[in-house]
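In structure tokens below, several structures.
Presented sequentially are two complexes of chain A, the first with chain B as partner and the second with chain C.
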Partner chain A sequence: MMNSTNDTNDTNASLELQRVFEELKSMFVGCEVSQIEPTQFKLIVPSDKMLGMLTYLKGIGYSHLSIITCVDWIDEKKFELVYILFNWSNGVTFLVSTFIDRDRPIFYTVKDMWPTAEYYERDVHEFFGVEFEGNENCKKPLMLELWDDLPPLRKDFDPLQYSKEHFPDRTYEKDPIHEARIIRGDIEGDIEGGEIDG
Partner chain B sequence: MGEMKLFFGPNHPGLHGNFSVHMYVEGDTVIRARPVPGFLHRGFEKLMERRLWYQNLALIPRICVQEPDINEACYAMAIEKIAKVDVPERAQWIRMIVLELARIANHMWAFGGVGGPTGMYTSMYWSVSDRDKVLDLFEELSGARIYHMYIIPGGVRKDFPPHFEEKLVKLLDYIEGRLPEYETFVLKNRILHTRLRGIATIDTETCLKIGVTGIGLRATGVPYDIRKIAPYLFYDRVEFDVPTATEGDALARISLKPQEIKQSIRIIRQALEYMPSGPVNTKIADGNGLRIRVPKGMAYARVESTRGEYGYLVVSDGEEKPYRVAVRGASYPQGLYGVEHLMPGTRIDDVPIWLDTMGVCAPEIDR
Partner chain C sequence: MDKIEKIDERGVWEKIADQLRSRSMWMLHYCTGCGAVELPPSTTSRFDMERLGMGPMATPRQADLFLITGYLSTKTLRRVIYTYEKMADPKYVIGFGSCTINGGIYYDSYSTINRLDQYLPVDLYIAGCMPRPEAILNAFTKLMDMIRKGEADGWKRYKENYEWYKQNQLRSLGEVVVYDEFHE
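And then the complex of A and B:
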């Protein structure tokens, strides 16, 4: 009995979702829907229709914003902004994503819809360099203090090179391990005359 | 009286991890507060892009020190969603047991956490010693006390060691026996009531608006639990209740913790009863040994952690390393936006209680 009720609920839920997708496709031309799992879908929207889409989804119950994040598709010269929305009443997740130009990474803030977005946007700005128009605190540093290089989560930022430049290898006059071995009596030699092993 | 600027943290006994709040105070009341994260920023997300899929298992538990298993679970579940792999049934049940044990351990730790700022050190000694008993079991299961690296993409590392289930049942009995003592000593304690009632109050509307989840939201009377609303693993096959309170203050949040421990114990007992025997892991994708390749795709996996929604967005471009991993820390909304907008009005000596009971965890904000 319980199973049949569940099945009916599932069917109703999937019909409801189909209706939402049809509406989305008619309202936001160019919107692509793909299924990741039965309760998770990815929606790719043209960037000019993104804000309208987010407003619409928030209005129909997808009101919980889990995170705003970004993916750097360097070969395609695009940034993909991903907004993860969740509906508390049916447990469905939408990964709403849009592609913006990597050379001119400007988008619009959604902090009026989700106040916490202010911080997610600051996060994305700091790590990818995307600017969010309307978020006046966007350019304030959040995690990184006195950062003077490319935004670090961009694919063309090389952390190894950065750390070599900013934190050069230490050079020692004497090799401390060699000295320790002599003191411990493992090898014979003169501490004063120890040479660096390399 | 003039305004004065005080620093809370980044090193403070009332904080878990290094996180700073710049407090502008008048008298002993905070009138403005500014969160300053970044003291722990170790670039986990960047580092993950430079390591193999399996190598990351050693890295990710460290994002949340007090509750590391949720990281492993989210990472593994997201990869399985991309690769469309069915994990063996036994492995799913074992994961549930591990996650619930982690929940018990972390709630125990929270009793200690609230003991610090309120001066009830006995509760700290009790709960940390009881949490250690859970860690003993983790050590037996995985070889490690804190960072278990036990849940892997495709299942879990290995099956239960011999006699593990009997020891687990014994532990559950022990914790169940201890809970009334915690309730009498901690939750009915006058000090705790005086210090926590009406402190760090948050209402349902604010929680939903800014994205506070978990115990913070449930303490305002809303029974939203991801295990119920979007069940992962086999949470839809077990019976458990979602405890709620209505006050929305620090006391309500702490009082929910022993009730959640009871539900976790209930879940583990059912899991032990229902779990079949069989394999505990499966091959996730093509590849040689640990050098797997995950098919192209993007997926988000979330779990209900002790502090709320914890999730991983994993992006794969079909290579041997993740293309991008983004972590959604459970305390991001209340730790940043909440500190700035909700903390003002709090007294200076209640600030550690505010941060502690809101579940602000610096490493998952910095990641």
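And then the complex of A and C:
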């Protein structure tokens, strides 16, 4: 942190942050704040107040959108959308997150506030299946081409099974892990010779 | 594929050509995965690939050797097949590291392939994660030896078994055509 040598600046900065948090809590009812690191805070907002929150934060200096990402809480049946905002004047990062319904994953685009968001939203749509209303390119494939299965970063998607179906494995006549256990002395047995297929 | 006893079917001129080919190899500058990081020390002064008569080449039309350096995602594999088919005969493929052999640590990934020889004919594999430049240079001398003996015949196998390779490519990729929205 740039002000770490100066105590008065430090207290001023933290007082300033406390004022911002109090303002946020009074303006956006239901907003929760928690500290992760000295310069990193997590804000959880109800989904209907999210856009207002982002607009307000952009206005007071948290104007750098580092990334939009998503977390799949499969047991709670929720997707958590996380917007990471950075303030260049005091070096503070806010992780602004909201929970949306997993069965009906639709949210609103922020590409009019941050043009780069278009690509982050396409990324989230591709890997989690969240739709962003207002982003007309949202469903265009970005990294996966010709994808025909569940979005791959959802928890109910099984990558091993997909890999087995699409990309056949090499088969070995001998089992190297079994042999390694014999060599290490974990189990007893003989090492048999064998040819590798392919 | 089954291993069969290989008979040297080359004519005299091809034998002479193979002697010459093995002494002037142009390596295509195309890096697919993390193994690419081992190439700068191999090409530059410390290990110096040029003393073997090899050099990097920017275009597939004039390259002889295609290195698949590390893991291959399906998206990259489309470009790799496209590039391989653009190269002129004779052409040789070396698979780098364990990812091209059996998937390596990406064996359960939804987007990386598990074995390269299903899609392209591989002349030589280098084991390791990653192979050191010594291993790479060792592989190059081995490949040159194979070319002289007529054993590096991947490009012929690709022509003979084109249907089999195409079938594998289509099963894993769906479509081999390359679309690129930034150049449409």
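The definition used in the following text is that the second predicted complex is superposed on the first by the 162 of 198 C-alpha atoms of A that agree within 3 Å, B and C clash if a C-alpha of one lies under 4 Å from a C-alpha of the other, contacts with A are read in each partner's own complex, and residues count from 1 in each chain.
We adopt the following convention: contacts are C-beta pairs under 8 Å (C-beta built on N, C-alpha and C of every residue); 3 or more make two chains touch, one makes a residue touch a chain.
Only a predicted model underlies this, so the values are computations on that prediction, with no experimental measurement involved.
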| item | value |
| --- | --- |
| Which superposed partner A:D103 touches (first chain B, second chain C, both, neither) | neither |
| Comparing the two partners chain B and chain C, which touches a greater set of residues in chain A | B |
| Which of chain B and chain C A:P159 touches, first, second, both or neither | both |
| Touching partner for A:K140 - first (chain B), second (chain C), both, neither | second |
| Chain B versus chain C as contact partner of A:D148, first or second or both or neither | second |
| First (chain B), second (chain C), both or neither touched by A:E173 | neither |
| First, second, both or neither for A:E188, with chain B first and chain C second | neither |
| Set of chain A residues, in rising order, touched by both chain B and chain C | 143-145, 152, 159 |
| Touching residues on chain B, where the partner in the complex is chain A | 37-38, 41, 43, 45-47, 50, 81-82, 208-211, 213, 224, 229-231, 297-300, 302, 309, 311, 313, 315, 323-324, 326, 328, 332-333, 336-337, 341, 366 |
| Partner chain C, residues of chain A touching it in the complex | 140, 143-146, 148-149, 152, 157, 159-160, 162-163, 166-170, 198 |
| Residue numbers on chain C that touch chain A, as the complex places them | 1, 74-75, 78, 101-103, 107-115, 117-118, 171-175, 179, 181 |
| Footprint of chain B on chain A - complex, ascending | 36-37, 39-40, 42, 63-67, 69, 71-72, 82, 84, 86, 88, 91-93, 95, 114-116, 118-120, 127, 142-145, 152-153, 159 |
